[in-house]
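Shared between the two complexes below is chain A, which has chain B as its partner in the first and chain C in the second.
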Partner chain A sequence: MKAPRFTLAIPAWILFTLFFLIPVGFIAFYSFGYKPFFLTGLTIATDKLSFSNYGDALSGTFLETFKGTLQISILGTFICLLIGFPFAYWLAVRVSPKWRGLLLGLVIVPFWTNFLVRTIGWRILLAPEGPVSGILRAIGIRDAPLAVLDTRFAVQLGVVYNYLPLMILPLFVALDRLEPALREASKDLGASRWKTMRQVTIPLAMPGIVAGTLLVFIPLSGDYITAAVLGGAKGNMVGRMVADQFLVAQNWALGSAMAMVLIGMILLTVGLFALIGLAARAVIQRNRRVTLQEVPA
Partner chain B sequence: MTDRDDENVTRILAPQSTAQRVSRRLFIQGGAVALFSGSVLLAACSSDSDANPSAGGAPTGSTGSGEVEGQLNFYHWAEYDDPKIFKQFTDEFGATTKIDIYASNEEMIAKLNAAQGTAGYDIVVPSGQYIPQMVQLGLLSELDLAKIPNFKNLETQYTNQPWDPNNLHSVCKDWGSTGWIYDTEAIDGEINTWSDFIEAAKGPASGSLSVLDAPADLCGIYFWANGIDWTTEDQADLDACQEFIVNELAPHIKAFDSYPGIALTQGNYALSQVWNGDARQGLIAVQDKDPERYKWGLGAPKTELWMDNWCILAEAENINAAYAWINFILQPEVSLKDLEFHGYNTGIKGVQEQAEAADLPYLDLIFFDEAQVATFEPGAVNSATEKLVSIWDQAKAEAGT
Partner chain C sequence: MSTEVTAAEQPVTRAEPVRRKPGRDWTSVLLRIWGILVYGFLFLPIFIIMAYSFNKGRALLAWDGFGFDWYKTLPDNPVIRGAITTSLKAAVGSAIIATILGSLAGIALARRPGKWVIVFMALVFLVLVTPEIVDAIALLIWYVRIKGPFGPGFAVVGDNYGLLRLWLGHAIFSTAVVTLIVRARLAGLDESLEEAGADLYAAPFTRFRQITLPLMMPAVLAGALLAFSLSLDNTIISTFVSVAGASPWPVYVFSALRSILRPEIAAVSTLMLLLTLIALSLVALVLRRSGDSAEEVAKTITGAG
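Up next, the complex of A and B:
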C-alpha cells in the first residue's frame, strides 16, 4: 500500500493551521469586537460586532502611522536592493571562490547576535553624546550634537541595517547560479557591459530580486523592535502601535483591526508591485522581441 | 538589575560608564519588547540569576523564615532596587531573583490580566490607587503581616492607606513625586511651574521633549498647570485635557519615556517630565562631567503623590521567598542602601536622619519639606481612567506625525 502523496506535507499543514490560520482567524474576529471596561477582567468583548474599530484604525492620527510605515518599508526595501545587488554581484562574480565562503559568512555574522542588541548598538553610536556625534563635531562637520535618535531617519537606518542580509542572500544565490558563459556570450555578441547587465544578468537574477524584496518588505512592514528602540515618538510604525494596543492600552479590538489593516496594506502593496512588474515585463518583451525573418532563398 | 550580559555586549561599543547607563535604559525599553516576542531578553533582564545560592550560608536577616529556595520572580519598575541588594538577598536566603519590568501601572495590570494567572511572577509593585482594582480582578493575594515582622519599621503615616486599609494586600515600598529635568544649555529661562514647562515644551524644547509613558502623569501636566484636580471625572475638563495634550503638546514630544533620568548621559532630551528618584539617578550619573548643565524642578503649583507597594500576586508560587524578600527589604540598613540607589523615600523610621548622616548626594530630590508635601495630590483610578488611556493613546499616534 502506498501512502497518499500529501502525507509529507501533513506536519506543515498542521503547524500552519494551528499556529497561523486559527490565531489569525481569531484576530480577524476580534477586530469586530470592542474593548470591555477594564475592571471586568475581560480582554475582549464580542457580543456586539461592528466595523467601528476599522474606522478608528483608519482615522487621522493612526492613518498617519500607516503612511509612515509604508514609506519606511518601501524606501527601506529599495535601499536594501540598491546596496544589496552590487554587493551580491561582486560576491558571486568577482570574488574568488576561495574568499566567497568567508565573505558570505561575514554577511551572516550579525545574525548570530540578538536583533535587539544589534539595534541598541545603533542607539549607542547615534546618541547626541555618542561617538559619531563626537567625531562629527571634532572634525567640524557639525557644531551641534547629532539629533538623529528618535526620528524616522533613525528607524530607516535601523531597518536597512537589520534587513540587508535578507536581501543579499537570495540575490547571491540567484547570481551565483548564473552561468558565466551567458555573460560571455552576450559580450561576444557585441553587447556592452551595461547592456549585458540590463538584458542578461538582471532578468536572470529576477527570481532572486523578487525573493529578496519580499523577504525584506514583508517582515520590515511588521517590524516593531526597530521602531521601539530607535523611533521615539516620531519614528512610530504600525507594528509598535499594534503591540501598544494589545499590551499597554489593552484595546485588543482596535489592535486586531490595526493588525488586519496592516496585513491588507502589505498584500495590496505586494499585489500592486507585482502588477507593475508584470506590466513592465510585458512592455519590455514586446519592444525587445526579436523577429526572425526568413532568410531569402 | 540589567547587569552582566548586556554590559559585556555594550562595553565594546562605548566607554564603560556610558555603556552601563545606556544599556540599562535600553534594555528597559527592550524589556517590553522582549516580553512580547518570546522573552529573548529574559537572561539579560534577570538579576543575578547566575549567582549561586550560598550553600550553607547562615541567614543573617532578622527573620524567622530561614532559607528559601528557588527563584523569586519580580514584575517591577525599572532601576528600582540596588542590584547589590538582590545579590545580598540571594547570599543570605538562597533564592535567586529575576526581574521583568513595566513602564506604567496600566501596562502591568493589562499584562497580568491578559495572562490570567500564568505570567509566573511572585512579586509586583503597583502604585497605591491601583490596588483596589487589582484586588477586584483577583490579582493579589492577602498578606499575613505576621510573616513580615519588620513591618513595624515603617512610619505609621505610610501604613493603613485608604486604598488598602490594614495593609491587607500591600506594604509600602517607597513614595515620591513628579517634576522635570531640563538642559540649561538648551533652555534659557527657569522652569518653576507646569506652565513654564509647557511654554518651554512648545518653545526651545520642542522636538526634544520627553513625557512619562503613563496616561495619568501625561494628562497631569495639563491638570496641574491649570489648577484642576488631576483625579477629575468632569467631562468638560477631560475634553479640554484631550484637546490640549493631543493637539497642542503631542506635536512637540520626542519620546514617551518613563525613565529619562537614567538616560541623561546620552543627552537625548532638552526637557523631560520625570519622577524624582529617576531624576536623581541621572544627575548623579552626569555630575562628574557636567554638574551644572541639568536642573531638576519639582512640579508646581500642584503635582503628584504616589506610593509604590510590595504586593504578592495571587498566582505566586514562591510565597516564602516573597515574604522573606519583603521582610528583608524593610530592615533599616537594607532600606537605606536601597534608598541610596533609587532615590525615593522608603518611609522607614529614621531613614532620613541616616541618609543625612551618610551625606548622600541630592537629598533634596529624596526628602521633601512640609510646604512641598502640601502641594502633592494622590492619584485615583476612576471613571476617567479609560479616557486618560485613550488620550495617551492618541497623543502617541499624534506625536508620530
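Up next, the complex of A and C:
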C-alpha cells in the first residue's frame, strides 16, 4: 500500500483548517448577523441574515477610515519601494562581499526589537518636547514645537519605518541573484547607466519588486499597532477600527463585516496592480526594439 | 533555465581589464550616502529607546536625568518576569510546531507534487494575505466557542490553556512561512542525489536522514529562527487570545501604553535586543564553522536565502 502524495502535509493541513479556515469562516458568517439587544447578554445573533453591516461599514466615518487606510497603505508601500530599491541595489551590487553579510544582518536587527517598542521609539522622537523637535528649533527650521504626533503624517512615517525591512530583503535577494555579466554586457553594448538600469536591472529584479510590494502592502493595510501608538484620533486605520468593534463596542457583526471588507480591499488592490503590471509588461515587450533569440547550442 | 555562464563564455568576463572600483564615481558616493541614511533611519528609534532606558524619571516619554534605576528594579518585578517567560515559552513552542509542520509540508510540496499542490498553495497564500487582525478576532471567537483545551478547567492542560492558545495562534502564519522556505530550498536542489541513494538501496528513512535532511537544514534553521522571532514580535494575535496571567511581553507593553509607559519597558527591550544579538552571533558562528560564507550566514539568518 502506498501513502497518498500529500501525506506529509496532513499535519499542516489540519492546523490550517482547524485554526484558520473554520475560524475565519465564522467571521464571514457573522458578518451577515446582527448585534442583539444588549440585555440578552449575547454578542452576536445570526437568526436573521442581511447585508446591512456591509452598508454600515461602508458609510460615514467608517468609509473615510477605509479610504484613509488605502491611501496610507499604497503611499507607504510606494515610499518603501523608493527608499528600498536604491538601498538594496547598493547592498547587492556596490558593497564589497566582505561587508555584505554584516550589512545585510544589520537590516534585520530592528526586527529583534519589538514592533511595538520601535513604534514607541518614534513617539519619543516626535514628541513636541522631544529630540527631533529640539534639533529643528535649535537650527532654526521651526519656531514652534513639532506637532506631528497623533496625525496621519506620524502614522505614514511609522508604517514606512516598520515595514521597510520587508521591502529591502526580497529586493536584495533578487538583485543579488542577477549576474553582473548581464549589466556589463549592456554597458559594453553602449547602453548608458540609466538605460542599463531601466532595461536590464529593473526588469530582472521584477520578482523581488513584486514580492516586496506584497510583503509590505498586505500587513501594512491590516496594521493596527502603528495607528494605535502614533495615530491618535486623526490617524485611524481599519485594523484599529475592527479591533475596537470587538474590544470596545462589542459589535461582532459590524466588526466581522469590516474585517471582510478589509480582506476584499486588499485582494482587489493586489489584483488591480497585478493587472496593471501585466498590461505594462505587454506594452514594454511590444515596444522593445531588440528581440533576443535563443541561440541553438 | 540557467543563468550560469558557460565555460566558453568565461574568458570574456575574465579578460575585461578594468573593473570599476566601488566608491570611485558619483553614483557610488550617492548610493553610499543613501545607505548610511537608511541605516540611520532604521536604527534611530532603537537608539532612542536604548538611551531612554537610562531615564531616571517615572515616565518613559519625559527625560529626567541619567541613571540605572530601572535596570535595578527589573529583577524585583514579577509581572515583567512573567510576561517575558510567557513570551519565550510561546516563541519556543510555536517555533517547534511551525518548523515541524512547515518542513513536512515543504518536503511534500517539493518532492510529492500532484493536483493537491494547487489547493494547498492556495491555502498557504490565503493564510499569508489575511490581515493579522482578522486572524486574531477569528481565533478569539473560535477559542471561546470550542473551549476544551483552550478554556479553563480542562484536565490535561490545566492552567496552561493560555499558552496553548498562543502556540497555535502564532504557529499558523509561521507554518506557512516555513513551508515556503523549505519548499524553495528543496525545489532548488536536484532530486538526483536522493535517487542515487535509492539506487544504492538506501531505505527511505536512511535516505531522508542522510541526504534530504542535511540538504534542507539551512532552510529549516532559517524557518525556525524566523518562526521564533515572529512569535516574540507578535502583538496583535497575542492581545486578543492571551489570558490574564499568561500574557506575553508585547501585551504587557500594549496595556502599559494605555495607562503609563515607564522606562522599564525600554530597559527590558534593550536587554532583550542584546540577548538576541548574542544568540544570533552564536548561530552565525555555528553556521560559519560548518562552512558557510558570511553572506550565506546572513541570508540564512534573515530568511533571505
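We take it that the second predicted complex is superposed on the first by the 285 of 297 C-alpha atoms of A that agree within 3 Å, B and C clash if a C-alpha of one lies under 4 Å from a C-alpha of the other, contacts with A are read in each partner's own complex, and residues count from 1 in each chain.
Heads up, the rule we're going with is that contacts are C-beta pairs under 8 Å (C-beta built on N, C-alpha and C of every residue); 3 or more make two chains touch, one makes a residue touch a chain.
Just so it is clear, the structure is predicted and the values come from calculations on it, not from any experiment.
Contacts of A:192 after superposition on the shared chain: neither chain B nor chain C is touched. Of the two partner chains placed by superposition, A:50 touches none, neither chain B nor chain C. By the touch criterion stated above, A:239 is placed in contact with chain C alone, chain B being left untouched. In the superposed model, A:8 lies in contact with chain C only, and not with chain B.
With both structures placed on the common chain, the touch criterion links A:125 to chain B and to chain C.
Once the two complexes are overlaid on the shared chain, A:71 sits clear of chain B and of chain C alike.
In the superposition on chain A, A:117 contacts both chain B and chain C. Counted by residues of chain A touched, the larger count belongs to C, out of chain B and chain C. Of the two partner chains placed by the overlay, neither chain B nor chain C lies in contact with A:285. When both complexes are aligned on chain A by C-alpha atoms, chain A residues 113-117, 120-121, 123-125, 127, 129-131, 224-225, 228-229, 243, 246 touch chain B in the first and chain C in the second.
Touching chain B in their complex are the following residues of chain A: 37-39, 41, 43, 61-62, 64-65, 68, 113-117, 120-121, 123-125, 127-131, 145, 147, 149-150, 224-225, 228-229, 231-236, 241, 243-251.
Those residues of chain A that touch chain C in the shared complex are 5-9, 11-13, 15-16, 19-24, 26-27, 30, 83, 86-87, 89-91, 94-98, 100-125, 127, 129-131, 161, 164-165, 169-170, 172-173, 177, 179, 181, 184, 193, 214, 218-219, 221-222, 224-225, 228-229, 239, 242-243, 246, 252, 255-256, 259, 262-263, 266-267, 270. Chain B meets chain A in the complex at residues 6, 9-10, 13-14, 18-19, 22-23, 26-27, 29-30, 32-37, 40-41, 103-104, 106-107, 109-111, 113-114, 133, 136-138, 208, 246, 250, 253-256, 265-268, 385-386, 389-390, 392-394, 396-401.
Contact residues on chain C toward chain A in their complex (touch as defined above): 3, 5, 9, 13, 16, 22-23, 27-28, 31-32, 34-35, 38-39, 41-46, 48-49, 52, 60-62, 97, 100-102, 104-105, 107-109, 112-114, 116, 120, 123-124, 126-142, 145, 168-169, 171-172, 175-176, 179, 229, 232-233, 235-236, 240, 249-250, 253-254, 257, 261, 265-266, 269, 272-273, 276-277, 280, 284, 293-299, 301-304.
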